[in-house]
Every structure is written in C-alpha cells, then in structure tokens.
C-alpha cells in the first residue's frame, strides 16, 4: 500500500509479535483459539492429550500480533501469548 | 507427545494462575462450554480492578456455573442450590468491607433462587451478580428452566417448551438493580468491561452472559457443536446500550439484544439502614 | 443498660425477649429472620436492639434466606442467629445441612408450637425434637438444648453460642411457645461475668499451608473467615481437608462424615447437661425436658409426698442424647416416665437406651398446651405399683 | 405458702395480656415475688379469645398454669362463660358491666362490676385504656399486689406520651369502687 | 339490647350468606380492617359472574388475608405460607375446568411466595390472584415486609424501613401477567369490576388492593384509626388506567396510582402445552 | 406400548425409569417436579410419557413448589407424584406436613444420594431414612417403602399409590441412587393385572351433611375433591370434622393428631411388608432394606455355607416400623446385624425394639457406595462367635 | 327544581327506598357504613353488642335510597338494604 | 454358575455408560440372561471419571458391583490406571490405543488395543461413536454376548436417524480385530 502521506507515528509503531504458550493437559480442543484468532495463527493438531482432546498448534508463527484474544477466549486457561 | 506440536511452547503456568486454584484445573466444564471463557473474562476484569483481592468473595449456588467459586483463588463459597444470594447477603452485612460477587447459573438464580434475586435487587443490596444463562440446567443434564425459550426442546420439554422465559435484565431492572448488562460469552472484551463496571458499582448489579451449553441445550436444539452455538449467539446479538430491558426478550433462534441497559444510582440497603438508625 | 448498649439487672420479660437479650450478651451481632408465631418477638427485639449495639438486623424474604444469611454472616466473622418455629424450621432443614457440613458456627432457635403443619400457631408443642436430630438429609450429629424457663432460655442461648464456636457447628435451642411466651423475672448478669468461647482461628498465617478442614486433635478445625486472606474454599459437597470437592471419593466421605459425627459424639460429656433431682436411689425416674420438666415437677413432688421414690431427670441438652446416663439408670430403676408434648419422640431414645432393663412409659400430649400434671402422676403411680402387685409387672427384667 | 392465681380474660384487642403483664411486673419487680405470666390466644390478631394467667408466689413456681384462680377478670361474655366455673370458692370476679351479663350465677364468689370500656371510651376518650381502668378497679378490690407497684408497673410498660392518660385510667378504675358499692346498695 | 336500636330490622341472614360459611362468622379480622370489605367486593363480583360456583376454588396462603378461603362457601384451600400459587397451579392443571382464584396477603405472595408469583406470571398460568396489600404482615402482628414503604415503621423496622418496596403491579407486569389492576379497599365498585374482569381473563391476572391494617401498620405509622387510614389511602389515590406500572410506585404518604394497568392476551401455559404436544 | 400409551412387557431400564412407568401404570397423571441428581431421570421420563397418556408434566420453580403442586393436583382428583433427592427432600418437609394434616394422597419418591448437604450427588446413600420419619415438624406418622431393585421400585411405586389412597396420606418411596441408576430387566404386567385402590369418595351427596374430616371406622375419611360440589374447606391448621380451623381447641388437636397417627399405626399389619429368608430358627438375623439388602445377601450366603444360622429380614416397608416382628425375633436371636448406608438410623429402631433381648450391631457406611460385603460378613461372624467364646459375650441376656 | 322539559321517563322514576337490616352480632362498629352512606342515613348507637362493639342505627330512615353502598362497604356482612 | 463381570471405563462424554447399557441390554433382552448394570460418575456432565459395571449371570444377581471383572474396557489413561489391577487373572483388557499408554504392564492378562476415537473421528466423522466402535471390537474379542444381540441392542438404543452411522461404527470395530492382530504380529 502506498501512503500519500506518512503517518505521524509510523516510526514508532512496532508490530508486536507473540510467543504462544500452551498448557497441554488443560486444553480441551474446543478450537475457539483457532477459530477466532484474527491472524489465523493457530490450527488444530492431530495429537491427543491425556484426556483425548486435540490441542492447537501454531501454523503461522510469524503472524501473531500478541493481541491476546486466544487467551481471553480460551475456556481452559490453557493458552496465552507473551509479547516478544 | 507435546514435542510434536509445532511452534509453541509447552508451559505449566498461565498468567492468570495466581487467581486460580491451579490444583483443580482442568475444570469440569465440557469442551467448548462458554463457562470457561466467562471465567477468563472475570479473572481478567479482576486483574484490572483495583481491589484488595483478600476482600473479594465469590459465592455460587449449585450448577455447572456454580462451580466457578471453586476455581478462583479467592475466598469462595459454593452454597446450596439457589441460595447464593442470601448467603452473600449475610457475608456482606456481616462484613461490609467485603466485595461480594455471586456467580451462578440461570436455573440457580432464576428458578429455585428467583425469590432471593428479586429481593436482593429490591433492597439494592450491594452485590454483583454474574448470571450465566445457558437456557437450561446444565449440571443435571439439560432440563427446561425459567430462561429456556418457548418451544425449545430439552430433556424435560421434549415436545417443546410451553413456558414463556424470563427476560433476566428486565426482571433485574424491574425489581431494582442499579446496573444491568447482557453479553454473550464471545463478547469477551465488552463482558470484561461490564464486569469491571458492575464490580465498581455501589448497589445491586447484574451481568447476564448468554453462554452455550453444547452438551445439552445445543444438542437438543440441533445447534451444531460448541463453536457453532457460540457463533450463533454472537451473530444473533445486537448491541444496543440503554435499551429498555423490557424490549430485551429472547426467543428461540431470535435476536439477542446485548449491551449496558441500566446504570443508575440509588441508596443501598446499608445506606438506608445507616440513615434510619441515626 | 450499660454504655455499650448491653442490659444488666432484673427484668420481667418473656422467654423470647430473654433469648434476644442473651444473644446480644453472647456477642451476636447479626440476626437474619422471618416472623413466625411464637418466635416473632425474638426478631422484633433484635430489630430494635441490634442497631443499638452496632449489629445488623435483616428481615429476609423467608426462612431459607434467613438461615442462608446467617451462615454467610458467620463466615464473615460474626456470631449470628435466627429464630423460627415449626414451619420455618422445616424450611431451614436443607441449609442446616450446609451449616453442618461446612462447620459453620451459628445458633438457630425453634420456639416450638403445636403441629403438624400450620397446626396451632399460638400454642405450645414439643413435636420437633426428632426433627431437630434428623430433619436434614444425610448422616450428621447435632447439638440441641431445651430450656424450661425464660431465665434458662437466656442462659442456654449464651451456651448455644459458645458450643457453636467450640464445635464449629450450628446449635439448636429447642424451646417452645410456653417458655417463649412465658414472662418471668430474668436476671442478666454483668457482661464481664458472661463466658465467651472465642472463635478458633488458624495458627498459621495465610499461604502457610493452612488447610481449612484439617482438624485440631479434638476433631474441630480452626476457622479462617472471608476477608482474612486465607482464600478459603467452602462447599456443601463432600470435601477434603483443603475444602475441595471430592465427590467420588468414598474415603473422603467417610473421613469427613465420621469426623463430623465424632466431634460431637466424642465430646458428649462436655456437651450433655442434665439436672438431676433425687435420681439416685429412685424407683421411677421421670425424664423430661423444656416446659414439660416443669410440669413434671409437681407430680414428682406429690408422688414423693405419697412415699414413692421418684427422681426427676431433666435433659437440658437433648442432643446428643444422654445415652450413658439413661443406660446406667436403667439398671437401677423400674421405669422411666417420659412426658412430652408430642406423640413419643425422646421417649423412643429413652426406651432404646433403657435396653429392656427398665420400662419406658410415655405420657403423650398431642400439643396445644401443657400436660395435666395428673396424667404424669397417674403414670408414676402406675409404674410404682408394679412391685407391689407383681401380676401386672410383666416387663421389668430381674436385673 | 403464699400463692395467688389470677386470670385475666376477654378477647384480643382488649389489652388482656397487658393487664396480666403489668400485674405480674408489679409483683415481680416492685414487690420481689416469684411471678409467672402465661398468655393464651389464637392466631388471630383481634377478636379471638384471649387470656392471661398470672401466678404470684413466695416460692419458685413450676407448673405455670392457673388451675383454681382466686381472681378472675372477665371482659367478654365468652370469657365469663368459659372461666367462671374455675374460679375458686370465695374468689373474686371482676367484670366489665356492659360486656358481661351475669347469666351463670354462683353464690360462693364475690362479683364486682365496672363499665370499664364505657369509662375508657366516654370519659377518657380512648377505649384502649379499658384494661387499665379495670386494673385500677382490681387494685381497689384485691390486695394481691399493692396499688403503688401497679402504678409503677403501668408507667414503665406503656408507650411514652401516654403516662397521663394511663394514670387517669388507673385512678378512675381505682376510684370506681365506691360508686359500685353504692349502686349495689341501691339495687 | 337489639330492640333499642332505632329504625332497623334485626336480621339473621345476609343476601351474600349463600356464598359465605355463616357458621364461621363473624370473621377474625379486626374492626375496620379492609379485608372484610375486599371480601364483600369479591362475593359481589362472584354473584355477578356467570360461573358454576361448584367449579370456583379459592386458594390462600397464611396471613390475615389468607383466612379468606375459609369464609367463602366455595371449595377453599388454606395452604402453607407462601405456597398458595403452586398449590393452585396443581389444582388448575389437575382439573382445567376449575376456576382457581388465589386470595392472599402481600407478605404471603411477595415475600416467602415471591418466587411462585413471578413464575406463575411468567408461565401465564390461568389463575386470578387477589393480593391484599396492607404494607405489613398483619397476622404475625405487623412486621416489615416487601411492600412496606421505605421509612415506614413496623415492629421490625422500628427505626424506619431501610428497604425499597416492590411495586406489585410492575412486578406482575414485568413477569408476564396479562391483567393487572390496583384499587384501594374503598373503591368498592371499581374493585368489584376489576375482579370480574380478572376472573373472566384467560391467563394470569392480578388485582392488588391497598387495604388498611389499622391494628399494626396504621398504629405504627400514626395514621389514625381504621376509618382515617382507609380514607387516607382513598384520598391519596389517583385513578389512571393504562398507566405504565413502572410508574406506580408507592411511597410513605405519597400518592397511590390505581386503575387497570394491563389487559392483554397471550397464550397460557395450557395453551402452549396443548400446542406442543400436538 | 398399548393403545392407551401404557407399556407392557420386558424392559432393560433403570430404576428411575421403572418408577416413572409404574406411576403411569398406577394411574398417576400429574407430575410436578424439579430436577435433581439422581432422581432427574424420573422427571425426564414423566415429561416424555405423561403427554402420551393424557397427563400433565410441569417442572416447577423448586421442590417446594413441586410438592405444593402435587398436593393441589391431588385435590383436583388426580393421582399425583413428585421425585427428588436429599436436598429437595429437605425442602419438601414443610409441605409434606401439609399433605399429612390435610390427608392428601400422593407419592413422593426420594432417590437418596450421599449427604449431608450437597454431599455426593451421583453416589448412593441411605441417610434420609430417619428424615423420612421425622423430617417435618410436629407429631405424625408416615408410610415409607424401600425397594432394592428396579423391578421392586416398579412394584412398590404402584403399591405406594394404592397405600396413599387407602390411607389418604402422602407415601414415601425411599430408594437410592444405586437402585435408581441400576439397570436390570423390568417386567411390566398387563394393565388389567395391576391393582388400583380407588379414591374413597363420600357416600352422601353434597350438602347432605358431608363432613370432610369425619373418618370411616378405620380412621380414614372419604375424600371429596375440588369441583365436586362439596364446597370443602381444607386447612393446614388444626381442624375439626368440618375441616374448619380450631386453633385453640386442645381437644380438637388431640382427636385429629391421634387419628392421623392411629390410621397408620393401627393398620401396621396391612402396611408392613417384610421379606424373610431363613429367619425362623436363625441365631443371627441381618435386618436390611433397599440396596443394602442385596449387599447383605452375599455375606449371608457365605455365612450359611460356613454353617452359621443366619437369617435375612428385608424391610420392604420401613415406616411404620416392623416393631412386632423385631420384638418377636429378639427373643429368638442372639443379635441383629444392620447394614445401612448411613451412620445408624434404622439400627436405632431395631435396637429399641430388641429391648436388650438381642444385641444390635450396626454396620455403618458413610455413603457414596455400597458396603463391602465382607464388612457385613465380619459382623455376622463376630456375633455368631459369641456363643462359642463366652468371655466376649457380655451383652446377650439369658432369655 | 323546575324542569324546563319533562324527562321522558319521569313518570317511571320512583326514588327507591331502602329498608335497613342488621345482623347484630356480626357488626364490629367500624363506622364505615355510617361514614360513607351518601344520604347520611345511619348513625352509631350507644349500645354494645356481645363483643363490645357499637352497632349502627338508622337516624333518618326516610332518606335511604337503597344504593347498597353500606352493604358493599361493610367488612362484616352485617348490614344490607332491601329496596321497598 | 455362568457369571461374567465387565467394566467399561473412561471419562464423561465418551459414552461409557451407553456401552454398558447396550451390552447389558443385549444380554438381558436378546439373550435372556440376568443382567445388572450400574454406573458411576461424578456430578460433572463431562470430563469426570465415568464407569459402567455389568454383571451377566444365569442366576439372580444380588450384590451388583463388579469386583473381579474378566473384561475391562479402558478409554482413558486415568481409567486404565485406576482399574487395571482389579482385572481378573487371564482377563481381557480393551483400550483405546491413542488414549491409553500401557505403562502398568501385567503379563497375566490379554490386551487388545484399537484407536476407537480416531476411527470414529476420522473414518466415521463422529467422535461420539467411538464407544460403538469399541463395542464392535469387544464383540470380536469376547464371547460374553453374541454380536447379533449387541447389534439389536445398539439399534434399539440409539436416536432415530443414526442407525447407519452406528451400524458402521459397530462393524468397523468388529472388523478391526484382524488388523490389530496383524499389527501385533508385525510389532
């Protein structure tokens, strides 16, 4: 995209990046994080955890903007993101 | 196994863990149940509120929702079915320093506990009530309840519900609540904000959350899986702040008006009692 | 009235009023109630008096809410109480169970009237005595006291608060309309002379491994309350020492229930209070409680004047039951005579403990008033005659 | 043993129980006696039968019910009918003249009658103090409790602001005695 | 004595006696209590209604008002405190031919019985409820209740009531009643008419009557004798049909809006159940 | 399913479902309930089935409303029922009293779980047995049955409806989670073979002097219902034969309460059902009921195989209690062994009736499951040894 | 009053007259009938009935128009009027 | 006496109890045996431990609890850990391959494993029929109840419209036997 004028704060905007953490045995594979991640960072894995659920994994790690929505939606306190 | 997951770090602790009883996780709620998300929002709200957490008390009744008190690392009381509000009333009057929050289900608060709800609202008792409405009794496996929409099917309305449901915000407002809001479980940011507002309110505040019970209500009413049900509620919802709660009825498959409906000030029971005695 | 709003001196007041004043003397600062004849006067007195001593009165929407609020207030650190009569007592049964399993100290007064159901609201009965023991679902033990005068209602209300704290449990004061509405002189001692058993608090600071349901050696756990930083979890579900639900652990259930029962049963000697009057050496012992113990006093005196050896055993504590004493006496006496204003409740316990060694004669009364003392006298005389007319004595074993 | 049994009777709303309370309080707190007062009434607030039983004794009182009262105050026909028979031989019956017709004569008792309700209503303007008028009349006709004690008990038992009214009622009842005797003489 | 009364005929029977249990009269209510007048209006309404009186059933809870069932020569049930409505629900569903009328007090219906009230209204259960509101619990000698105005004194609010009262018509309307009216005990003709309308209604109908309790409420609040209290209520009342019931709050000594507030049609529980099962 | 919607044949269903089907077979056409584990399945089945047979299911707002609606429906002429578990049972206690004093036939099923309080919702207990007898205030008697299998739950539910009509009183079916949730074959007989005790109706037309509470010679009054023209008045207050309140008449109270109690006690022989297995001549009798009777069967067999003379007495009717039979047996046996899933309830009654002539050994279980059969066996063996090792036999009298 | 035109039904209008009946022992002397009689027909008597209440009596018998209000207001079913 | 004790175990939501029900029904109604099924689970709807105990016998069954099952189906690690020890010598253990790791070896039992959940999910498209897959597998590996009875019991116990799905699930589980043995041979 070509900007006809340069936004004032462009220099200061650093697109944040997130490091995704999972507490495996809490996950119940509900897919909320995957479905609602605005950047489609996550995808479901094929693995089972001990309770027989499929946890998510990260498909596109670079895309994460650490918005925190996945953590907020997760019903299990199983996923969170650390801004790096 | 975990090592096979790509690009994420396997962790033992969550940033919200200090507010949780980690030794009780994972919780008992079904996969995709809205309750966990609601609890997350609540914890998030607590993290933003400037409260002495040693003085925050959670009171629940019995039900899936009622288990909330047991997962929060706060003083928590899991009372009897329907009696969270009068128990909370005793706590609050016994020690007015406490911030007392009731978290319970639609059946607990509106069926067996309906009387306590309206009386606490009437008294403008200084309590915050978080009512998770999943349109049925989840814990006992999905019976009809006072919020089940007309015609909806449940294990005890197999031919369709013949009752008109309560409109929870209206009931709260009509009986005296000074703060009333409704969201769905997917409105995480707005819900968090309403919870903050409610807990900052002096007086009786109510936040209703429309939440999927995929295991029973969703299945009986062929709403698809948890994700679909959650999405449906969200998609059917219309944000309309300050709507007259009388207009906020919910019908089967119909639209769900959400927003902050009431926010006003009125002396609480304690205020009036102090005045009277002086 | 003292500066602090607490009364002291001689008063001509009814039992209900005495009960309310006792609660205030005992440090009760929360009353959640719902009016019901003949207990209303307790609520009315509390409504007037509590604000004068810095306490809170709230009239709840019903009796269920009342007891729930009382439990809540206790967990907020208050000594709390409610008062009701039969119909309201029945409604409280579910949450009485919650109080028991969560070990919540509080006092519940039942000013009994004649039942069943609405019955005779303004007249005395003693028909809720077994309900006091068994009215809530599931296994448990309970403490229940039975006063027979306004003064005793005063004294026992104070004792009830102390027992509640001592054993961390709801304590019942099972009085009746006759005592509650009877007016007599009541002496309220100076505050300093009133014994307070303080709430047992945890000895460790928060987060130092405090286990809310880890009992002291006597089976009673110290109690952290809401707002004290312990972040307790309290549930009516079967729970472990942490207070966490353990709803499928039979072992946890066993430990919990046995402890709840033991902490009362094993301390029977401390809890049980009896008044004995010429029981030693008696041929016949009248076992009575509450107002019926007063009724019994007259025929006992008359019988003695007739030369009969009659004792009077007044059960001040009705639950836990005075098993040992009845068993002992059973080997000594010919018969127990049990007048009660019901169709046989405590008499069943007496009969059980007597174990066939002595007869148990119930003098029933369906309710609505006191016994005719002659009915009690008649029973005493009937059993006293057994020795002299052996042909009618068919059930007294030889021991 | 010095023991007195007294029954006040009438219907709800006549202040029957208050009468018993005041008499009992007078004896217990201002005369140092053992006193037991029990009340009987139905669940209805007004209109039902009402009675107060007072026992005054020098010894501890066990059984609290009156069985052979020496003094019966009857403020309604129903109460009179119900209780006149239990009055002890030689006992004293006090009635409200307008409300009780003596249709069940006993010649072994003494009867004193006063139009207490009418006096309260027309002379004192408050029907509600009929019971205090009657108490005054009682004090004049019986020596169970000294009238001074009764006066103190009245004053410590009534709502503030009604002291004068009640004192007048008590005195009017006390003073009525003479009038009654005269009437009786003329009859 | 009777012969001394001038110009009237002493009689043994009253034209309403066939609807009364004469052998129980006079009733227990205090002189000047509004309850008797309300009962007269009710009998008068019954006399005008074209109902099979053998099918009219009265259900009461406990309280002074609750004694009503015992004076009417109809099938009458004097149940437990607060439970008239669910008992009546069972009667109605057990035999839909019955015309079931609940007559009870504000404490019975709104305090301990509040939950049943709102749920029956919600279900639009086909019942008529006549709630006699005397602002206190008469039967137990005048305690504060859920309709006692703020600041009013009673035996358990000796320093003035610290609670906000329910607005009974609003509560009924907000929970689903299809007919809602309020009068004072002195509006005898209008009350009679509302009772006729209510009993002719299919669905949940509520008639509230503001009635003096001179013995307790009147005395505690220095309202003068029964006559004065009755007159005061009447004089403070303003007839405003179709008022939004939300506006019909009652405050101590304030005005009392009376009239027919709600009259609409909505399927009843039985209607919906029949539909569902078909 | 028959044309009329009633089932017939063999089914593999759980106890709760069997209970619901039995109610339908018994003519029950009204169910007012509130869900609670482990009784919910009864409500669920009724919700589906009642409309198929022209009946009405309503889910009330709580258990108090449920029992109130059931009483109302009974007075509308229906056979009516509700089902619950401990917490809900506690809440029903007040209106159970109303049902008793107004003599309202109806059936109340308690699928017991482990208590007290919320306890263990999905696991069995037998902790409400004394509550069944004493849980409501005031004096009264009650009928309570205890099934030990889905088939028996079916059979006893039908019997409960018939007893309710026969004696005009609420009848309790005291089952438990183990039986309610146990699935077995249940045989539903053809409708014609199911006995119905019809409601006893007045023999006189309305206005012909019908006195609603004037009993037949057996103490039970015929029952006119609402809408039948009798213009009845029914109250929970103490009432006379007309049904009118008589709240200050001690004599009316006495007559009423005595009759309410007598109509059950005097008909004990008709009501009490026992199953005896080798009780005659036994040295030890195991007294058990409900699921515990099944648990007991195994150790009893084992003990017999070991040559011990052990009988099994199953209390099918628990209340009124089988007093006479226990008294009789007490003279014959050395001891009673009473396994129950509580800390001692029916054992107390056994002990009382044994009158010291035989020992009573409780085998308690705090709840949450069935006994270990070995615990029962151990108790049987312990008491059986007494004769052989006389030094430990300290409490068996010589009789 | 002079009528400028004669009402159509004047001939048929008969001012009704009432005969007042009292059931003495039911009366509780509340005075409602006396106070609200639109024609001030009634007054309180000085007599007591058995319960000690003063019943009403008729002061101005001719005035009664049989409107029935006294009966409707009476809480005791004690008074009624027969149109004669 | 011909008596079989079987335990199904896993967590809530896996259809454990349904499995027990179907097996029991097959034996009771389609094979004329005495059968007792008891269920144990916690108050939570999903996620908690769940187990079904089935006793099949030619005689009347009294004590309804399984003590030494000859057949154990374990659909979760927790269930496996909790119950593997109670299995009788020579008993048969059926596990869901993906959900149970055999970390508690016993050499006196026979173990058969099937990825029932995975089959249900990926082959049949409905995770919910994993229990039926497992039942088929059971029928193939044990002779407690004839497979025909199980099929009938399945069909009479499931919601209408799911007949085909469930039949396929049953058959898929039944057919898996061979595959498993081959795998085992290759291992």
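For reference, chains read A, B, C, D, E, F, G and H in written order, and residue numbers begin at 1 within each chain.
Here is the rule we go by: a contact is a pair of C-beta atoms (placed from the backbone, for glycine too) under 8 Å apart; a residue touches a chain by one contact, two chains touch by 3 or more.
Bear in mind the structure is a predicted one, so any value in this text is a computation, not a measurement.
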{"item": "Chains touching both subunit C and subunit G, listed by label", "value": "D, E"}
{"item": "Target subunit G, source subunit F, minimum contact steps", "value": "2"}
{"item": "Common touching chains of subunit G and subunit D", "value": "E"}
{"item": "Most contacted chain pair (by C-beta pair count)", "value": "C-F"}
{"item": "Mean-CA-position distance for subunit D and subunit C (Å)", "value": "36"}
{"item": "Interchain centroid distance [CA atoms averaged], subunit D/subunit H, Å", "value": "85"}
{"item": "Centre-of-Cα separation between subunit G and subunit E, whole angstrom", "value": "26"}
{"item": "Contacts with two or more other chains, residues of subunit D listed in rising order", "value": "40-43, 47-48"}
{"item": "Per-residue overlap in subunit C, given as positions that touch at least 2 other chains", "value": "37, 51, 61-62, 64, 87, 94, 97-98, 117-118, 120-123, 235-237, 247-248, 369"}
{"item": "Interface hub residues of subunit E, defined as touching at least two other chains", "value": "26-27, 29-31, 62, 78, 80, 111-112, 114-115, 119, 139, 141, 146, 157, 159, 269, 273, 277"}
{"item": "Complete list of chain pairs which touch one another", "value": "A-B, A-H, B-C, B-E, B-F, B-H, C-D, C-E, C-F, C-H, D-E, D-F, D-G, E-F, E-G, F-H"}
{"item": "Partner subunit F, residues of subunit C touching it in the complex", "value": "64, 85-87, 89-91, 93-94, 97-98, 100-102, 112, 114-123, 125, 127-128, 130-131, 133-140, 235-238, 247-250, 253-254, 256-258, 260-261, 342-343, 345, 348, 351-352, 354-357, 365-369, 397"}
{"item": "Of all residues in subunit F, those that touch subunit B in their complex", "value": "34-37, 40, 43-44, 47-48, 51, 57, 59, 61-63, 87, 117-118"}
{"item": "Contacting residues of subunit D [partner subunit F, same complex]", "value": "40-43, 48-49"}
{"item": "Contacting residues of subunit G [partner subunit D, same complex]", "value": "28, 48, 50-52"}
{"item": "Residues of subunit B that touch subunit A when the two form their complex", "value": "1-2, 4-17, 20, 25-27, 29-37, 39-41, 44, 186, 188-189, 192, 226-227, 230-231"}
